[in-house]
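Note that chain A is present in both complexes that follow, paired respectively with chain B and with chain C.
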Partner chain A sequence: MRYDTVIIGGGLAALLCGIELVRNGKSAAIVTTGHSTLHFSSGSFGLYNGAEPLKAVEALGEEHPYSKLGENIEQLAAKATEILNVAGVATIGDAEANHYIMTPTGALRQCWLSMEGMVTSKDGKSLDFSDALILCPEGFLDFYTQFVADSLRRLDVEVAEALFSLPELVIRRNNPTEMRSVAVARALDKEENILALASIISREAKATQTVIMPAVLGFERTDVLSRLEKITGKQILTVATLPPSVEGIKAERALRRTFERMGGVIFNGHTATEYTMDEGAVATITTSKGVTLAANDFVLASGSFIGGGLQALRSGVTEVLFGADVVAPEVTELTNRELFAAQPFMSAGIATDAQFKVMVAGQAVENLYGCGAVLAGYNPVKEGCGAGVAMFTALAVAEDIINR
Partner chain B sequence: MKQYSEHNFEQCTKCTVCTVYCPVAAVNPLYPGPKQAGPDGERLRMKGGEFFDESLNLCLNCKRCEVACPSDVRIGDIIQSARIKHSAKKPGLREFTLANTDLVGSVATLVSPVVNATLGLKPVRHIVEGVMNIDHRRIFPKYAFGTFEGWMRKQRKAQEQFAKQIAYFHGCYVNYNNPPLGQAFVKVLNALGYGVQLLENEKCCGVALISNGFIDKAKKQAKSNLAAIRKATAAGLKVVATSSTCTFTLRDEYEHLLDLDNGDVRENIDLACRFIYNLLCDGNHTLQFNPDAPRVRVAYHSPCHLERLGWTQYSIELLKLIPNVELVKLDSQCCGIAGTYGFKKENYATSQAIGESLFAAIEASECDYVATDCETCKWQIEMSTSKKVFHPIEVLAASL
Partner chain C sequence: MNEFDVIIVGGGATGAGVARDCALRGIRALLIERDDIATGATGRNHGLLHSGARYAVNDRESAEECIKENMILRRIASHCVEDTGGLFITLPEDSLEFQAKFIESCLAAGISAEAIDPKLARIIEPSVNPTLIGAVKVPDGSIDPFRLTAANILDARLHGAKVLTYTKVDELVIESGRVVGVKTTNTITGEKGVYRAAITVNACGIWGRDLAAKAGITINMLPAKGALLVFGHRVNNVVINRCRKPADADILVPGDSITVIGTTSSKVPFDQCDNMYVTADEVELLLREGSMLAPALNHTRILRAYAGVRPLVASDDDPSGRSVSRGIVVLDHATRDGVEGFVTITGGKLMTYRLMAEWTVDLICKKLNIDAKCTTAEALLPGSSKTSTEDCMRTAVAQVGGKASAFYRHGTNAEKIDSSTAAKRALVCECEQVSVGEVEYAVEQLGVNNLVDLRRRTRMGMGTCQGELCACRAAAVMASVGKSCSDKAKADLKGFVTERWKGMSPVAWGDTLREGELLSWLYDGVCDLSNNGKEE
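Up next, the complex of A and B:
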């Protein structure tokens, strides 16, 4: 099978790149081993830490992927936001100034975009409500009411706590370790359970206007939060849970559907395992399922270690498919013993030229681009820029392919 | 090719993505989901069979967990292997009848008008439910009068005229229920310049035997099929099947669940849509389409085992090549029947709940009919929607 572009990887970078290509009239296929790390994302997107992320990135060194984007970052940020919104991922926030989002442990962290309906703060010091009820499903393992309550109290919010259950969730607790976010969210896709929860909210939240819940409000349905608000007359806000994250899954699903509806093809459950070259360019890749795909351009968006794009061996860090040139610390220097310090392995990745063309044996391959977490030169956790790098490099690559 | 050890479950990172995409866990809160039933439980079952949980029988073996897994864990295989090894549930008359598709089929095709009429009667279906625990709402596939193999025997001379030949694994469904699909396959292959042969003494692939616990019989039939496939392979013939589940069973389940080495012939077993699409792309083969064929809007449904094979795109691309077809691709999801699973009374509600959103999508698609590569998906969709269902090869044959 032949496409204009074949994208290896299925995460945020791959999907943004794919959508941008197909909506500009190119055919594109995504090859992905399984579902992506969006399943572990919290529903927020970071551009760069600091009060003003666009200003902060100006000072970055040339090893950083952002430095290759130069003055385009603001425009790329606008385009990325637009694509998320077109896909149905409603967000708040802008690139001029970060806001803060509450994490599953109750901490407030800077971010650029967050999905609508979550607990956020403009300045990290105050919230726009003064009292709240935290309402959590009984037996739910991946949300820590006490952490969230402590954090809210530090911000001068008066907090009440309550648990709730539904008959379906009682049955789920037969397997206590599987009482997870998706199980609760699925239960809340059902109208009868929404109505039952609404009456619990009305009963438990008599004294307050704001109800905070783990982000489990509907799996297929996107209107559960607004339905609950409408029935109860309360403001409902959510805080991300530990993985699997319903918000992240919803984002992946929305982006995948958008890509497919626009004509993109997803080879799900396929790992790219082989490739052929023709006169210095990639000609085909073959997947673990015996499918050979030809294309004019190839995009390597296979992620870092967790995504499967990079591998740390005793002999060093390698890129799995093409054996691309890697920029990485020595094996003995990959980790820092201080757990919360910047971990050097995080900035390992492949070397690319100014247009993000992948370097193999010191040469840029003319039709092979890299984008997202497989790239070297940045630390997504420490810098809070994982989503921004994924989306902006993906869009820059797509632009280059479209303009060729 | 990756090597899998019995410790494959250790590749699991506990990310729970499999459970997110499990169609059973989504609708049945009694099922713990593939992560716990598979790799988590396996850790314990290695200590002893007393850790086996009968809820694993709720798994419908769709393998969507394996397609979703980012860490290449063979979750579905782990669950099915545990059932084979540890389940205390012994198969009964119902399992025997559902699993022995070839035995039942060979009897039923002899007297098919009687069987079809009888099984169509509501009171009879209630009796079947009472005696066999097969849900009375389930509609049985109709049996053909005379088998596909019988028809093929009359074709032999004509098929031998073609310079190029393939061997066709038709499966029980084509043989006993739907010979016209087999005939459509022969028509298309002939149009491409290929003669079609039968395998020597084809047996049921055994998928229903495996899922109903008749492992010894499944192994026996599998060995017989592998011998026939080896013989065809040695004679230079590709072995092609129309059924996605037969193909999947021959290629993957024989090795993974029955522990039979099929490595020497695995790559020679192909799916009809993939085989034909690849022929049409090689530059040496073309099909003459009938310019007067009426325009049809066709919704394509991706069967689970075809998803696991990774080959749904071949069926889709093949349908796209047909000039009179306007294709609607349905979101890939399980239809809920999973072979014989949905026939069982205790699974009926789960089966229909899983398929509910697919049925709604089909009705909303405003298609003339549905196309899919799997016969049991066809039964489920025809029973649960207002649409008829055809195999892509039938759609193709009708356009020539």
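Up next, the complex of A and C:
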């Protein structure tokens, strides 16, 4: 099989790159194991920490992937937002100034975009509601009301708390491991459960205008929140749960559907395991299921360690598929023993040239690009730039391929 | 009431054993521990139920003590012991002559030791190094030191002893050259206390040197660090030892859902005893030697590394401190140093904790003129009623949920865990099958103050995810049973994941690094817990 471009990886970078390519008339295939770090999403996207992220990135050193994007970041941010919105992932926020999203432990964390309908704050010090009911499914252990309630009270919100159950959830709970975010979300795909929840909200909220729930409102359906708002007349907001992140999974699915609808092909459950070269360029890759794919260009968006793009062996860090050049400390220096310090492994990744062409044995491979978490030179957690790097490098790579 | 007959300082297995022995003999005892129970050397070893075979050739006395205590613990602590059996293997580079001497020494010490065909050894334990040229079967097993200590504490309390954890001894109260009590500070609340007793027992392990110094007494101790690695599943089901002169990393012990290799042995300065990190060289050595026992270790995921400090005591008649006793050391400071009312129990090993306690309490009885016999070799520990445990397991296995593993952990005491509703049966920790009911039981009955304590009582967070997903759930359950406000719960959560990472960091490659990346993403990223910390 032959495509204009074959993308290795199935996360945010791979999907954005794929969508940009196919909507510009290129044929593209995505090869993915089927796992994506979007499943651990917080419901928000970071560009860079600081009040004004676009200003903050100007000061970055040349090792940072953003430095290769130069002046284009603002434009790339607009394009990334547009693609998310085209895919049906509604967001709020802009790149000029960060806003804040409430985390599962009740902290307010800076972000560039957040998914619509979540608890956010413009300045990190105030909220635009003054009283709220926190409503949590009974027996749901991956969202702790008290963390959120105490934080809201610190922000001068008057908080009431209530639990709810539905007959379907009561049955679920008979299995001790079943009461997790996706199971609750699936229950709320059903109209009868939405109606039952709506009447619980009306009963419990009384005069309170804002109702806060864990982000488990529907798995297949994206209109559960708006349905509830419409029926109850209340403002419904959500806060991310511990993994799996329903919002993250929904975003991933929306992006995948968009890519496929536009003509992209996904080889799901495939791991790229082999490749062939032809005159210094990648000719084909072959997957774990024996499918060989040829393309003009290849994009390596296989993620970091957790995504499986990088591997830390006892002998050192390697890039799994091509054995690309890696920028990483020795294995014994990969970690800082303090968990909350900057972890050196976070910045490990592959070396690329100015156009994100992957370096192998000191040479940039003509038709092999890298984007997203597989790249070296940045710390997504400490800099709050994981999503930004993933999306912007993916779009920059797509542009380069389109313009060739 | 702050008056006791005996104050025991130190909540390891030895201190807990002394408290229990006192309580069973009707002696009013107070146990004081600066941290949680089993936080020192007790909780930082293989968890090996020694047959004594390891000591048979070089130290007959220790070997005999071990096999006697081995048989006693199988009976009194049956829910803490797993009868895995053990093998001593001879590899091509080892000598079969040593094996002959080894068997002879074992038999002389009363340890059953049967040479078996290496082919049979490979059938008994498929993970064993296939190049072995000799194997000897011995009655090794595994023992859970946390459970063992908790059961001793539980029984001591049932018989009237008082136990204070998170309580630090600031000074000994000394009147007319006699230790008559202790002054303490609660490390959580800051509350001060004064407790008086006729005798104070120093059961502080390596930290006993400092307690003795408070009475102007010098004990020559040599902190010996031992590092170990925990593997992500049970590589072996039978304990594998190397049949040679005892050396580094030559014991591989299966326990619960994991396997442990250890140990190294190196001298460390006293100021490092509270902060043990495992070095890259130690990891290297453990893996190299460990894979000689079971080659599969080379490609098995390592969950974490940890280290403990053995309280080795220099012989009193050797001022250089080089001559070290690995045996039990009971020091009556009245005869040794002219300080009445103060006794130190140290040396020994986890295996002999009960015997150490017996000797100590015998001395206490003598000093207090009490005529009471030790019964700890016969009296079963709570949870260990054998037939009843088996019955419970049988019914529990048939039930849904983590009930069977709760019986495995708590023995017959698992009956006290509330599993009457779906809410109580809901699993907090999926790796180790810890339910909401079990967390509540541990908080209410087993003196759990924080998530790390909870891990020691239940194994919550000891599985492959190292607490990544369950810690937050457990923090919430604990907070909701009224043990903490949400700020404390978050600080606790942060402390717990920080502690887990400390053990993962030295072995962070392969899947353990991936787990670490997720841990960092979740708690530093998604939850922004480092920012949560700043609010406090």
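Simple rule for what comes next: the second predicted complex is superposed on the first by the 403 of 404 C-alpha atoms of A that agree within 3 Å, B and C clash if a C-alpha of one lies under 4 Å from a C-alpha of the other, contacts with A are read in each partner's own complex, and residues count from 1 in each chain.
In this text, a residue touches a chain if its C-beta (ideal position, glycine included) is under 8 Å from a C-beta of that chain, and two chains touch if they have at least 3 such contacts.
These figures come from a predicted structure and were not determined experimentally.
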After lining both complexes up on chain A, report clash or fit for chain B versus chain C. fit
Applying the document's definition of touch, where does A:N174 land relative to chain B and chain C: first, second, both, or neither? both
Would you sort A:T33 into first (chain B), second (chain C), both or neither based on which partner it touches? first
Considering only the touch criterion stated at the top, classify A:G372 as touching first (chain B), second (chain C), both, or neither. neither
Per residue count on chain A, the busier partner among chain B and chain C is C
Considering only the touch criterion stated at the top, classify A:N268 as touching first (chain B), second (chain C), both, or neither. first
Tell me the contact category for A:A183 with respect to chain B and chain C: first, second, both or neither. first
Who does A:P243 touch here: chain B (first), chain C (second), both, or neither? both
Which partner does A:L141 reach: the first (chain B), the second (chain C), both, or neither? second
Taking the superposition on A as described, I'd like to know which of chain B and chain C A:M346 touches: first, second, both or neither. second
Given the overlay on chain A, how many degrees, to the nearest 10, lie between chain B and chain C at the CA centre of chain A? 90
Measuring by CA atoms in the overlay, how small does the chain B-chain C distance get, in Å? 5
Using the superposition on A, tell me which residues of chain A are in contact with chain B and, in the other complex, with chain C. 37, 40, 174-175, 177, 243
Mind listing the chain B positions that touch chain A in their complex? 2, 15-17, 19-21, 25-26, 29-30, 32-33, 35-36, 40, 66-72, 267, 281, 307-311, 313, 317, 329, 331-332, 357
Complex interface listing, chain A residues touching chain C: 37, 40-42, 103-109, 138-139, 141-142, 144, 146-147, 149-150, 154, 170, 173-177, 179, 240, 242-243, 245, 304-306, 311-314, 331-332, 334-340, 343, 345-346, 380-382, 386
Name, in rising order, each residue of chain A that touches chain B in their complex. 1, 33-37, 39-40, 168-169, 171-172, 174-175, 177-178, 180, 182-183, 186, 220, 243-244, 249, 257, 260, 265, 267-271, 287-291, 307-308
Along chain C, where are the residues that touch chain A in the complex? 277, 280, 400-402, 422-423, 425-428, 430, 435-436, 469, 472-473, 475-477, 479-480, 485-487, 489-490, 493-494, 497-498, 500-502, 504-506, 508-510, 513-514, 516-533, 535
